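As structure tokens, here come the structures.
There are two complexes below, and they share chain A, which is joined by chain B in the first and by chain C in the second.
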Partner chain A sequence: MGVDLIFKIAAIGILVAVLNQVLIRSGREEQAMMTTLAGIVVVLMMVAKEIANLFDTVKTMFQF
Partner chain B sequence: MILKIIGSVAILGASSILGHVYSQDCVKRPQELRVLQGLLQMFENEISFLSNLLTEAFEKICRSSDSEVANIFKQTVLNLKSQNINASQAWESAVKDVIKKTSLNKEDEEILISFGKMLGNSDLEGQIKNIRLTVNQLKMQEQKAEDNRKRNEKMYRSLGVLGGLAIVIILL
Partner chain C sequence: MEILQIVGIGIVATILIAVLKTQRPEISLQVSILTGVVIFLLVASKLSAIISILDSYSKKVNIDTVYLATLLKIIGIAYIAEFGAEVCKDAGEGAIASKIELAGKVVIVALAVPIITSLLELIIKIMP
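Right, the complex of A and B next:
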């Protein structure tokens, strides 16, 4: 699960970078910005579950 | 697993084709505008030197080109023959019918329709001036379309492929 997620995020990162370049080359800075934001949101959604998991673990650590 | 691969390939193929279609649209519009200019110039020659009737001239013009835009002339002739309307109405409805199948956009349609409004209701001088005006406007549109093509052709194609790839990775 862990490694899979990392690869997925890396792939999205590469894709967003390329998309960004393509859009900037054709003079669409706003859309380039939007794709970057969309990429960030998608990755955050993916990671949100893991972060929640981490917080839960930390919480159980401090519950005696 | 196999199902997943098949699905990913299908999504990727579909989005690539979509991108290709859009980029083809970008390529086709300047070409069609060029053809249209040529056809209008031919029409000018038809009426100024040969003094042909409108329907004859149009029939000749649409025979000389197999492009999609030549169908406007053909459709106008058909409209004139089948219904009891005048030339500008026939031209307008023909433009509205045919333009859906071409890559031309709303602005081009407006120019063509305003060309039709003058069609057949002034003397030879007026007609020729009208044709020259339309050709000039189309030339300007062509330049704009050419600029657009340079910017967008590659972008649409790569956007299709990359977008498909993004969807596949997110769904995976």
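Right, the complex of A and C next:
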């Protein structure tokens, strides 16, 4: 279920890192910063969803 | 078997984190959090089976369900607090990790108070 999510997020991370370098080399520092922030927001949304899933599982399992 | 899959996921995720660590440390932290979540969800089905067995035994021996429910809640709180504290320690935030652990302990003691009072009453009843 979540295993492919790990690889998806790692791929996004690598993509953002490469894009960042390319943009910095071509002189557009602010756009590099924007893509970094965008990458972080996308990854954070996915991770937050999985954490919410974890909390629901624990809540149902331990009868909170 | 399950364990092979889990160890495989752990090692691959560690390698990916090593790749991402230098460039984007924040995304590598999120990959480590996600790996923890995925591994727990893989084990969750076995854990809930064990808990249901525990429930059935306690009903057979007709232990009061309040005690077992509180025990399970305490275990859940301990696990979540430890999960959060370890993530913060990984990120290098030792102070936040210790605050989370402190909060976990306080919540657990608050939950355990009714059991302690019932135990003390029992002891007082037994005393001549």
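One rule holds in what follows: the second predicted complex is superposed on the first by the 61 of 64 C-alpha atoms of A that agree within 3 Å, B and C clash if a C-alpha of one lies under 4 Å from a C-alpha of the other, contacts with A are read in each partner's own complex, and residues count from 1 in each chain.
Just so we're on the same page, contacts are C-beta pairs under 8 Å (C-beta built on N, C-alpha and C of every residue); 3 or more make two chains touch, one makes a residue touch a chain.
The shown structure was predicted, so the numbers you read here are calculated from the model rather than taken from an experiment.
After superposition onto chain A, the partners chain B and chain C occupy separate space and fit alongside each other. By the touch criterion defined above, A:15 lies against chain B but remains apart from chain C after alignment on the C-alpha atoms of chain A.
When both complexes are overlaid on chain A, the residue A:47 reaches chain C alone and has no touch with chain B. Within the superposed three-chain model, A:34 lies out of touch with both chain B and chain C [touch as defined at top].
In the superposed model, A:63 makes contact with chain C only, not with chain B.
By the touch criterion stated above, A:3 is placed in contact with chain C alone, chain B being left untouched. Touch counts on chain A: comparing chain C and chain B, the chain ahead is C. Judged by the touch definition given at the top, the superposed model places A:25 against chain B, while chain C stays out of reach. Our summary of the superposed model lists a minimum C-alpha distance of 15 Å between chain B and chain C. Chain A uses residues 12, 16 to touch chain B in one structure and chain C in the other. By the touch criterion given at the top, residues 8, 11-12, 15-16, 18-19, 22-23, 25-28, 42 of chain A touch chain B in their complex.
Partner chain A is touched in their complex by these residues of chain B: 151-152, 154-155, 158-159, 162-163, 165-166, 169-170, 172.
The residues of chain C lying in touch with chain A in their complex are 9, 12-13, 16, 19-20, 23-24, 26-28, 30-31, 33-35, 37-38, 40-41, 44, 47-48, 51, 69, 72-73, 75-76, 79-80.
For chain A in complex with chain C, the residues that touch the partner chain are 1-3, 5-7, 9-10, 12-14, 16-17, 20, 36, 39-40, 43-44, 46-47, 50-51, 53-55, 57-59, 61-64.
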